[in-house]
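As written, the chain order gives the labels A, B, C, D, E and F, with residue 1 at the start of each chain.
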Amino acid sequence: MTTDHFSRIKKAINELSQEQSYKSVCHPHFKDHKMPSLSALEQVVNLSREILFPGYYGDSSIRPDSVSYYIGVNTENLYTILVDQIFAGLCFMCEMPEKFDLSERKSIAHDYASQFISKLPEIRRMLVTDVEAAFLGDPAAKSKGEVIFCYPAIRAITNYRIANALLTIGVPLIPRMISEMAHSETGIDIHPRATIGEYFSIDHGTGVVIGATSIIGNNVKLFQGVTLGAKSFPLDENGNPIKGIPRHPIIEDDVVIYAQATILGRITVGAGSVIGGNVWVTNSVAPKSKIIQFKPRDVLYTEGGGI
Amino acid sequence: MTTDHFSRIKKAINELSQEQSYKSVCHPHFKDHKMPSLSALEQVVNLSREILFPGYYGDSSIRPDSVSYYIGVNTENLYTILVDQIFAGLCFMCEMPEKFDLSERKSIAHDYASQFISKLPEIRRMLVTDVEAAFLGDPAAKSKGEVIFCYPAIRAITNYRIANALLTIGVPLIPRMISEMAHSETGIDIHPRATIGEYFSIDHGTGVVIGATSIIGNNVKLFQGVTLGAKSFPLDENGNPIKGIPRHPIIEDDVVIYAQATILGRITVGAGSVIGGNVWVTNSVAPKSKIIQFKPRDVLYTEGGGI
Amino acid sequence: MTTDHFSRIKKAINELSQEQSYKSVCHPHFKDHKMPSLSALEQVVNLSREILFPGYYGDSSIRPDSVSYYIGVNTENLYTILVDQIFAGLCFMCEMPEKFDLSERKSIAHDYASQFISKLPEIRRMLVTDVEAAFLGDPAAKSKGEVIFCYPAIRAITNYRIANALLTIGVPLIPRMISEMAHSETGIDIHPRATIGEYFSIDHGTGVVIGATSIIGNNVKLFQGVTLGAKSFPLDENGNPIKGIPRHPIIEDDVVIYAQATILGRITVGAGSVIGGNVWVTNSVAPKSKIIQFKPRDVLYTEGGGI
Amino acid sequence: MTTDHFSRIKKAINELSQEQSYKSVCHPHFKDHKMPSLSALEQVVNLSREILFPGYYGDSSIRPDSVSYYIGVNTENLYTILVDQIFAGLCFMCEMPEKFDLSERKSIAHDYASQFISKLPEIRRMLVTDVEAAFLGDPAAKSKGEVIFCYPAIRAITNYRIANALLTIGVPLIPRMISEMAHSETGIDIHPRATIGEYFSIDHGTGVVIGATSIIGNNVKLFQGVTLGAKSFPLDENGNPIKGIPRHPIIEDDVVIYAQATILGRITVGAGSVIGGNVWVTNSVAPKSKIIQFKPRDVLYTEGGGI
Amino acid sequence: MTTDHFSRIKKAINELSQEQSYKSVCHPHFKDHKMPSLSALEQVVNLSREILFPGYYGDSSIRPDSVSYYIGVNTENLYTILVDQIFAGLCFMCEMPEKFDLSERKSIAHDYASQFISKLPEIRRMLVTDVEAAFLGDPAAKSKGEVIFCYPAIRAITNYRIANALLTIGVPLIPRMISEMAHSETGIDIHPRATIGEYFSIDHGTGVVIGATSIIGNNVKLFQGVTLGAKSFPLDENGNPIKGIPRHPIIEDDVVIYAQATILGRITVGAGSVIGGNVWVTNSVAPKSKIIQFKPRDVLYTEGGGI
Amino acid sequence: MTTDHFSRIKKAINELSQEQSYKSVCHPHFKDHKMPSLSALEQVVNLSREILFPGYYGDSSIRPDSVSYYIGVNTENLYTILVDQIFAGLCFMCEMPEKFDLSERKSIAHDYASQFISKLPEIRRMLVTDVEAAFLGDPAAKSKGEVIFCYPAIRAITNYRIANALLTIGVPLIPRMISEMAHSETGIDIHPRATIGEYFSIDHGTGVVIGATSIIGNNVKLFQGVTLGAKSFPLDENGNPIKGIPRHPIIEDDVVIYAQATILGRITVGAGSVIGGNVWVTNSVAPKSKIIQFKPRDVLYTEGGGI
């Protein structure tokens, strides 16, 4: 009976509209204020990429005469969108949104956005070193152009450097959303709070995780599936995790870590070390170490191919 | 010569149009009936998310006065789209589509869709526990709002709980498509047939695989790259895999499994156990066990950083 | 002060417009010529899929009467788009774009595109074997239709076979972009230069990496997270990596490799072998070997669940 | 006060939701059935144009080899969309939609749609004469291609000939919607029930109105603003207009009517006549008449330009 | 020479960027504030139509159970969009935008928008009479549903009644934009300041113009091309037009005006009069008058069809 | 029977694919070359409007600092799109497209496009006078901003001035398409070949037609429905219209023409004249004339409102 379907639906709507059923996860967001928007943040990332690597993205031709027009317009547009998103982020994180002063928040958003834009030249400088590292480190790469255009790691590192700059300025929520965008696109999950030096490269990259308090030196290379993670973390007297304690590894300069290695806890991997794939490392490693997995076992073969 | 290109193309079109070249993979889909649509299923997922977590997705403001309007419209729209997609799924799986009774299928689709909607309140209840688990388990999380809005695992688990409800009702194909959408977006691959308890969390998540006959208790936490998989499976006398046999692990309550661990076969990981990263486990593990990888080897360092 | 924001922005625009700050990564792309376009390449892939698997994608119904119309139009459209993208790829890779002869390049683009189209029947033949392998190898699969429609590995292998055909013809850049599209969508990273036989399957797939000089026989199956990678590579006298040396594994017929295994270097995994998950293999393996990880250690359990 | 706004809105929603306030204009449309869709009908018109004038619209190239592929696919797509829209139109006009037999309606929709498609060759033949008339009649036209591509009258006449064919077959509502689409685009309002011969042309066209029972011979030319309308119409004993009585003019062969002329009632304008602009004609006109407005008056000029 | 083109372009950019070349028409719009948006106003009109005529527009099904959900959500969305657009309109008209108080304007926008929404029930009541008049007055109309769905005049009158309500509340600019949207779509140009009674109908409508100070009674019917316009208007001592003087006609109840008639100046057309087509009327007309054009002349026929 | 529908469709496809049925209207367009595109020309018009009236269209804010960036980017984009469209137009008009030299055409397209851009400053200067005329001539106008933003005549005149500049340079087809876009949007049909002076205004505008050889002086004002048209035109010995003969009116400075007036043939309306509405004028008019329609007749009133 049709009416049966409709009575089911009506009953479900009524239950789902009960405040107690959603209030513990309901976001108390400020009336008339929009949530941060994934599609606006995609524009933020795309405009930043166009500004940082002129000629690769968007429609811009880059005759010397006209490059400044494009950078000018892209930067203005970036600024406008960013102010809105930062403002939305500030409202999102506010616990009692009814109370705060809107025009003050708006002016903070303008300040943060313009600070970010003033950091773009430095971000470009760092990214140029990352591109160089990827190019030199991959025998399959034909040109730096191909690296910028095709390599997922460059996208992930670009998002990280943007997100890290925003987070350092004090912008809430938005940096995390930007790094999750790269995570979804590339499978590379770099927490925006991590600290990463120059000439950083990631090969292939799917499954890489770099935790919030990680510190990575210069000229470090990671392969796919590498985790720089935390061990279990201490709880306070109420059983809640104590936030803000350094709990991820320090990777010094010139380290290479092969595929699927898991490095956990506030340990140090000394400069120039090589960590083999698929290892589980929870203790510090001296400089110039080379660590590989214990030899696998040969076991009896049985017809059928299985295990 | 231009004509040369066109004769190549013409020849290819003719070959590709030969029925014998495509018939072994050709889908005998019912005339005038659409295939299930990925973009319609994205709407299904988005509408479900808006209904389950009011205020986070879509344009909805959530003044107490108006929340029921939004839930009402979103639920009606969800119902309409879902009826079409379930109907398409029913047609897809039918081996002799010419024969079946269309109006009966249509009425089944209505029934399944309204059953699903009546399960949404329970789905919300479960997801609230998952959000709580993710929030408590991550020292970097600032609020439940951030968890819902940013964490890929919440997206993957939401899709899983939706897909599992549909599959339990009896809907074919659609559940698998919904879980693959989350797989593509997050790198987390949860089979909709798996059984998963409350307070389930996945950290980072890229590369997680949870097989079709897995059973997971309450308060379990997985890290990125964890596999709950099958060993080789028995074949019947014709050499075809025997379907429907339990072949994935049982993970009891309060278990934590670290990054890249591979747990294979119908084994049991006892309650409260901790499985370290990068291990290969094919035998059952007693409750409160702690298993970690055999120590890696230190090998001789040679200049150049390679292995 | 508002003016303060604007002076920051103005200063940043000026710095970012300085040629020296972007010239090392600037792409010297030919005036008036477009860069290759991701969205055009998505159309290339979608049209190819519609042609290869008629009835699954797009709006095409496949009455025997009309299937040739659809294959005809899709192939014509594919040709047109592909000519443009190949042309863009040829221009991209050119170091001194001012010098080359446009109409010659255009005619090369036409030639390459029509060569590719004449390879589509063979690509379909290979893919049909891959679909069959996936169907037979997965007890959860209900029909070949479901495999084609839902399994990410089929998408990744389709993109690989397309990209490999283009690369073999001599098309630059575009093959890499097409394989990166699948990488982003599925987490499976197959280099278009790899050589892969018939009846190839990948289960789940996230994190799989198959390097450029890998050679894979017939009837090989990989699970998620498997790497067929390179060890460190030799440098020339200038310290640059020597390009084009075989540096990835050879996997012979009928091999199965379980989740997260890392196989590195120009070694051979002999026919019929089984490689267990999470192992690190850098030496050749005899035919019909079975290799698994050294047993993990049981360590002392401590309350709290951590490591 | 904010609450004041919300109480206003809430009150309005309540009033607007009262059934008695909308029921006299409410459309009793059949549950689960869509209304006819303007955007679907735009596709109908665009596909028809592509089929009728190959090479002008859409992406089709028209190499002799490939033209049949495009016509095949466009015709199949047209058929599919048209079946849906005709079905929607049949449901719309039904007074007691609960009662009728769905599958019968569906089968009528298929029949009407395929009848329409079988009329396309004749529609093309007629339109070719209209293009010729426009080309010969306009000294500013450079080629027939320009006429087809640019002249709004060709668009309006195309829509009319499509709508008229549908209406003649018996399709309700849709023909009117298609003619209103041309009306909105061109300002030319031709009722689909009008009868119009070959070699018909309209110059400029804005404001032309051709009523439902008009009959127009061959080789007739109208200028902008011409009305072929009705005088007041007879009422039945209840004061309602009597429907279906011929009430618009008959325009015989080879007539020209200049801008803004208003021809009203079931009168006949004899073959070969010329009607000057801005006249008001409510009586029949003999063949080969020439009718122009009474001379305007010269009145006293006053400085300032006004009247 | 290529450089020649670029120097032309560079020169043009420089000239066009000179402030004196655009400052007389430059809009001094308030920094960071958007201009009113045509596409947002289309949403305003579409949402209003969905609310006023439930079941005709949008996706809404109108089961009695669910109609209030749709009206609720549509009204909330209308309110949100309208607040933004009214705010943009208030900023646009401000001569010295730097000076005014933003939060005051914002609160005015909220007030105006909610006032408008509280007028929607009365707007619906008026429109129902207009639909009835169109239905009764057109022998070709099959149902009120067809009138609402297809007749351009209903669209134009709906926009007028919306625009008039906004203008009466005090909203600047937006009403004019809404009436111009209908003008572009239908060729009917009704100034939002005009006063129009119940049961108003326009047949065909292209070219109708109704000036700002026109007053139209109940049950009036206009045909296409009718102008209710102004004669020349008085200038003040500086030669500028004196604004705000009544300068358009008064049309009393039950008047019919046929196609292309031009009625100019603050004159009165008495109740129940009939004005024939193509006449030029600049003097008042007594009630129950019937006015038609002076008879056209028959002139000598000459072969060739011209004039 | 279903097969019946399909056989109808198949038969129609075959007939429609016969070359003789479409060849007389078939466009012999050059292989691989696109037709001119309406949506690209909409971009041309929108970019031109943004450049000509900075701050009204698009997203541009117009801080003095940034206005040149926006004009720079918009002009570069306009140039790129225009080159393609002019090239498409050149190919369209070519009778034997196989023969001509592509690179020569391409270089003509570049030349024409850059010539057009160098005319933009003069186009802006003219349009500023038109805006002023509209503002001064309409007592309902509140600001020049409102005139630019809302008045359809400004859109039509802008398109005319753009189209006229292109046509004067020698661009084929495109100018006509641009003027038809304004015709469709506003109901105002100005042939791009017409010559129109400064301070030109059109009030309301629907139905205005200005023919190809019209010459209009400075400070002329037209109302809706005014035609500046041709009488019948002379034929050559083959019965074809002789092209290029002046056949439309000359309107001298300071003339006002009221609604629906039809002025036909190469006559002159002397400076400062006023032409009343609804008149039919086929003879020249001395300067400072005032011409109005012959008085309408009062006829016997009959109950019922009809004529």
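The criterion applied here is as follows: a residue touches a chain if its C-beta (ideal position, glycine included) is under 8 Å from a C-beta of that chain, and two chains touch if they have at least 3 such contacts.
This is a predicted model, so every value here is computed, not measured.
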item	value
Chain labels contacting subunit A and also subunit E	B, F
Mutual neighbours - chains that touch subunit B and subunit E alike	A, D
Taking each chain's C-alpha mean as its centre, the one farthest from subunit B	F
Of all other chains, the one whose Cα centre sits farthest from subunit C	E
Same or different residue numbers at the subunit A/subunit C copy interface, by half rule	different
Separation of mean Cα positions, subunit D and subunit A [Å, integer]	56
Cα-centroid distance, subunit B relative to subunit C, in whole angstrom	23
Per-residue overlap in subunit E, given as positions that touch at least 2 other chains	2, 6, 13, 31-32, 61, 63, 68, 72, 76, 80, 187, 206-207, 225, 232-233, 256, 258, 260, 264, 276, 278-279, 292-295, 305-307
Residue ranges of subunit A in contact with subunit F within the complex	59, 61, 66, 68-70, 72-73, 76-77, 80
List of subunit D residues in touch with subunit B within their complex	6, 10, 32, 63, 65, 80, 83, 103
Residue ranges of subunit F touching subunit E (in the complex, touch as defined)	51-56, 61-64, 67-68, 71-72, 75-76, 79, 110-111, 113-115, 117-118, 120-121, 124-125, 127-128, 131-132, 136-140, 142-146, 148-152, 185-187, 204, 206-207, 223-225, 231-233, 235, 256, 258-260, 264, 276-279, 282, 292-302, 305-307
Touch list for subunit C against partner subunit A, complex	2, 4-6, 8-9, 11-13, 15-17, 19, 21-22, 24-27, 29, 31-32, 35-36, 92-93, 172-173, 176-177, 180, 183-184, 187, 189, 191, 193, 206-207, 209, 212, 221, 225, 227, 229-230, 232-233, 240-245, 247, 254, 256, 258, 260-262, 264, 272-274, 276, 278-281, 288-295, 304-307
